[in-house]
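Order as written gives the chain letters A, B, C and D; numbering starts at 1 within each chain.
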């Protein structure tokens, strides 16, 4: 019976951290040890999370795949499920299905090359599992640069991690905000503005991008101006998902499905999928 | 929200929506355990001015209605319009089409001065409405769904697709194939396609979907030998206050 | 003991719609006593003008959610009379069947939900759940049965759909017909239990004879069809209602006041019982006897018992109707008769759960309404209610204010006033003639 | 494949026995306009001469319009269970393109991960197909789906005094040997069968020119004018999808009982033609206009699965054409694509 792909495993929220007025980070581990052991994910994959009685929604796993006893989600409260989980307390039970998605970030392929990560808003969250992975095996990659655009300083996610990256000299981080406050001393404007400053060799660079739907088009234009290669750019795309397992079809992108074939796609593929970005 | 205090109020309407709540039968006892009904004119004597959620039935058709509604609006944190009268003005709007003064004259003659009647309006004309349980009458399922959603903390899922979807889910024969007309193509689903299921065209008692293709409706009507006027007559039945005809050019 | 009383109950609860009661007593003398309807009139007569013959039943059904079937059929019958349409036996039987269950539904709602809390001393059905859960459960089951019946035949429990001029747009399936019969049979156990409970009730002894009006039929306990009968000894064809029933607008209430042979008359379950008790099913007669209801009965509080007896009758008769219909099964080809518009006037008279209901339409040649007149049961009862109150108040004037308030409310509630429909009005011109 | 014949007299006997021994689903006249596939208890109710394609395709037996996927009970523990019922059933009287529609769904719901709610029923379903003359809107010939090669247990073809029976599975053969008097098909039978099939194929009135469609579709894809014309009258009502034997989209929602203890995850048929389908957080809609949506549907029907499964998902049954009150016609629109690119 348990081969029903719609049955979630029970998990518990073990820690909640409020990071911005809109986002919270949740540490989650499975109640059954077996389920926790089985749960091996790759950077870029997502889970379907059920808040019982409310519904199910997809969220990217943001934690380091090497951490085996729990995983992490960073969730923005926008609708039913996301608001409901924000209302939960530590210890609350949720349902988890996944990990899902064959399209992952090129954590293997990019080894031995530069890595450029571009994130807009909540888009930083899905990149985190990849970035923490890269940091764990930092010596296996060449230069690492992270461009991150947020709406305003209070909405900046992962402030500790950013501070940590800043403290290291093998990572360069550029954070920019649309609406600075009095104390802001960093960059101002959209993140695409910072791309021209990247001085990585295009052939030798893997770029990963995640952000709101409208962002991709502009980022891609900037990247192409710099001659970055279509097959070395990876985009994590959001779509509406009802099932996560390629049956409900809501996440159609051209002839592909974001949940099965994605959510991370190579720009070359995206180019050939109509209306992807 | 745990065990919210709920008030159920009636303005100008037929009482059918409140009856629909009493008609919950199987679920009535569960409902009474899940919420604290502090005001329900049709069913209970106790009343109180302390409630979080107000369910409003009926449209505003007198100054007295308007005053009561504004009073309720000040107390309740969540306002739910229940039924076509509250949501769109419903059938009461036919009076507007006729003309309030003329209607008074016709019905009361020289005594019309005694009558407190104003132009009928949906309640959103006076207060901010959070959720709509549409229909004439709305389905009990939807009323319960809205309340349940508020208790478990989710946004009630009110369909924004046309009745045709529900017809097809039910396997109904389209009433156009039975030689009758139907507004289901542009009307908001959620009723369970009750009218088409009974062999009658949808009368749009739940209003239209957000972005109805009314121009196509016109083209189709021509194909079925009908005029916009024919269909507007039907539409006015529950949507007379909405002036949708202005959308059809 | 109260010498001076000033009671205002606003709004009156557990009645459908809104009504206010005003009592003013000075030195044990009743200065003012009135039932006030502050709700907006809804102008149905105006709304109907110009509408196509297909629509009045849908529109007038919205006069009242509780008696939407009655309005639907008063309307359909008026239209059919105007357009000269005769329906077949099958349609007629199905109509009676659906009609019965509005009566069951409404009577159940009134007896168990609205009136019973008074007799059990509970504030509402909600408190009743705590004190008398078995009664509440019976009520819920009966109501569900009746609602399901209406839904199966009419497509919807409130404001039925398939019930149209000329017949039905859709018939119940064979399976549904048997399902209905099973539901009906299952109801008897609950009626048995209810009987035991009702027997324990002590209803106030208050008698005031008045004129009782209802429809009547040679064969049936008339609900769907019949002539208008008065306990004062006259019977008229429904279409001549204006020759007997008069009405006027009064200032303190937006509900019109009516009278016939005398200064007031009563309609509803008790009138029907008084006028037609011999047509009740045997079973219903037995129940009536057990509960001490005998015709003629002049105790207003016995309306509730008459309503209960009618529930029994409706269930008995429904089973009979289903059996008759299933002898040869339902015939799709006889579901509806064809209708052609023409000019003319038609009157539809039925018994709504609360009493006599009259729709009177005049159509033009295109089948659009030129003029409409509607007379609603609660309007008819107005004067009688006030007269009952005036007669009852002196009998209880020595009680405390709270007791008086409750007793008066109970008296009004006994009538099961459906105020939402009474808030719509008659054509004044007709009053004058 | 095994080929047999069954005489008309024996056929009635055969079907009647199936009706009495199984939960038997077949076409029944519903009203003046349509037929429906419903449970049959009596041979006389069965009406295989349905003219229209029947509104609700047979997929509803395996993939009901609303169904409970899982059930949960919240208390000390949270108990989660699957609830799909699966009974032995016979689906009788669907035509070749509908059998092909089922085969498509079989493949779709087993691709990658298996959809148990669907397959628990599929495993217990016996499919008996039957050839019938194409309806006005049927263009399955153009889609190469007018003939069912597999996906059935038995497939009958009416040869006037007898049925030609193609036996598609062991289960089908078992049914025949237990319930029917048959004989092996001989030369004469094959001759008549061929004659029937030729006439049948010649009876298709509606044709769609799918040559080069795979590439042409990409060519017209970004032509806004073209799509404006095609989608002008579309109501975004979704009827076309819901009646399609190969549409599989669904929504999932949680529904809690009022006692807040028991809940269900329910799925219900959805349609890519309605605006919400592509709506995500932040009110961004990936397919905001009816043009976007219509071409999405067409892509899914006549392109996507040529890539994924090597054959289109549209079987040409014509249901969507019948159901569409805006008279949007997929076959004609396929031809318009061709025309657009050829001129």
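The rule we apply is simple: a contact is a pair of C-beta atoms (placed from the backbone, for glycine too) under 8 Å apart; a residue touches a chain by one contact, two chains touch by 3 or more.
Since we're looking at a predicted model, the values are computed, not measured.
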item: Separation of chain D from chain C in steps, with touching chains one step apart; value: 2
item: Given chain A and chain D, the chains that contact each of them; value: B
item: Two chains joined by the most C-beta pairs in contact, as defined above; value: B-C
item: Chain whose Cα centroid lies at the greatest distance from that of chain B; value: A
item: Chain A and chain B, separation of their C-alpha mean positions in angstrom; value: 43
item: Distance from the mean Cα position of chain C to that of chain B, given in whole angstrom; value: 25
item: Centre-of-Cα separation between chain C and chain A, whole angstrom; value: 65
item: Chain B and chain D, separation of their C-alpha mean positions in angstrom; value: 37
item: Shared-contact residues (touching 2 or more other chains) in chain D; value: 253, 256, 260
item: Residues of chain C whose C-beta touches two or more other chains; value: none
item: Junction residues of chain B, two or more chains touched; value: 152, 199
item: Arrangement of touching chains [line / ring / star / complete / other]; value: other
item: Touch relationships between chains, expressed as pairs; value: A-B, A-D, B-C, B-D
item: Chain D-touching residues of chain B, taken from the complex the two chains share; value: 27, 30-31, 33-34, 144, 148, 151-152, 157, 160-162, 164-165, 167-174, 176-178, 184-186, 199, 210-213, 216-217, 219-220, 223
item: Chain A residues within the chain B interface of the complex; value: 53-55, 79-81, 83-84, 87
item: Contact footprint of chain B on chain C as seen in their complex; value: 11, 13-18, 38-43, 45-47, 49, 51-52, 55, 58-59, 62-66, 68, 109, 113-114, 117, 123-126, 129, 136, 140-141, 143-144, 147, 154-159, 161-162, 164, 169-170, 249, 251, 254, 418, 420-421, 423, 425-429, 432
item: Residues of chain B that touch chain C when the two form their complex; value: 10, 12-20, 22-23, 25-26, 28-29, 32, 37, 40-47, 61-62, 64-65, 90-92, 94-95, 98, 102-104, 106-111, 114-117, 136-137, 194-195, 197-200, 203, 233, 237
item: Partner chain D, residues of chain A touching it in the complex; value: 1, 3-8, 10, 50, 52-56, 76, 78-79, 82, 93, 95, 212-214, 238-240, 242-243, 245-250, 252, 254-255, 260, 274-275
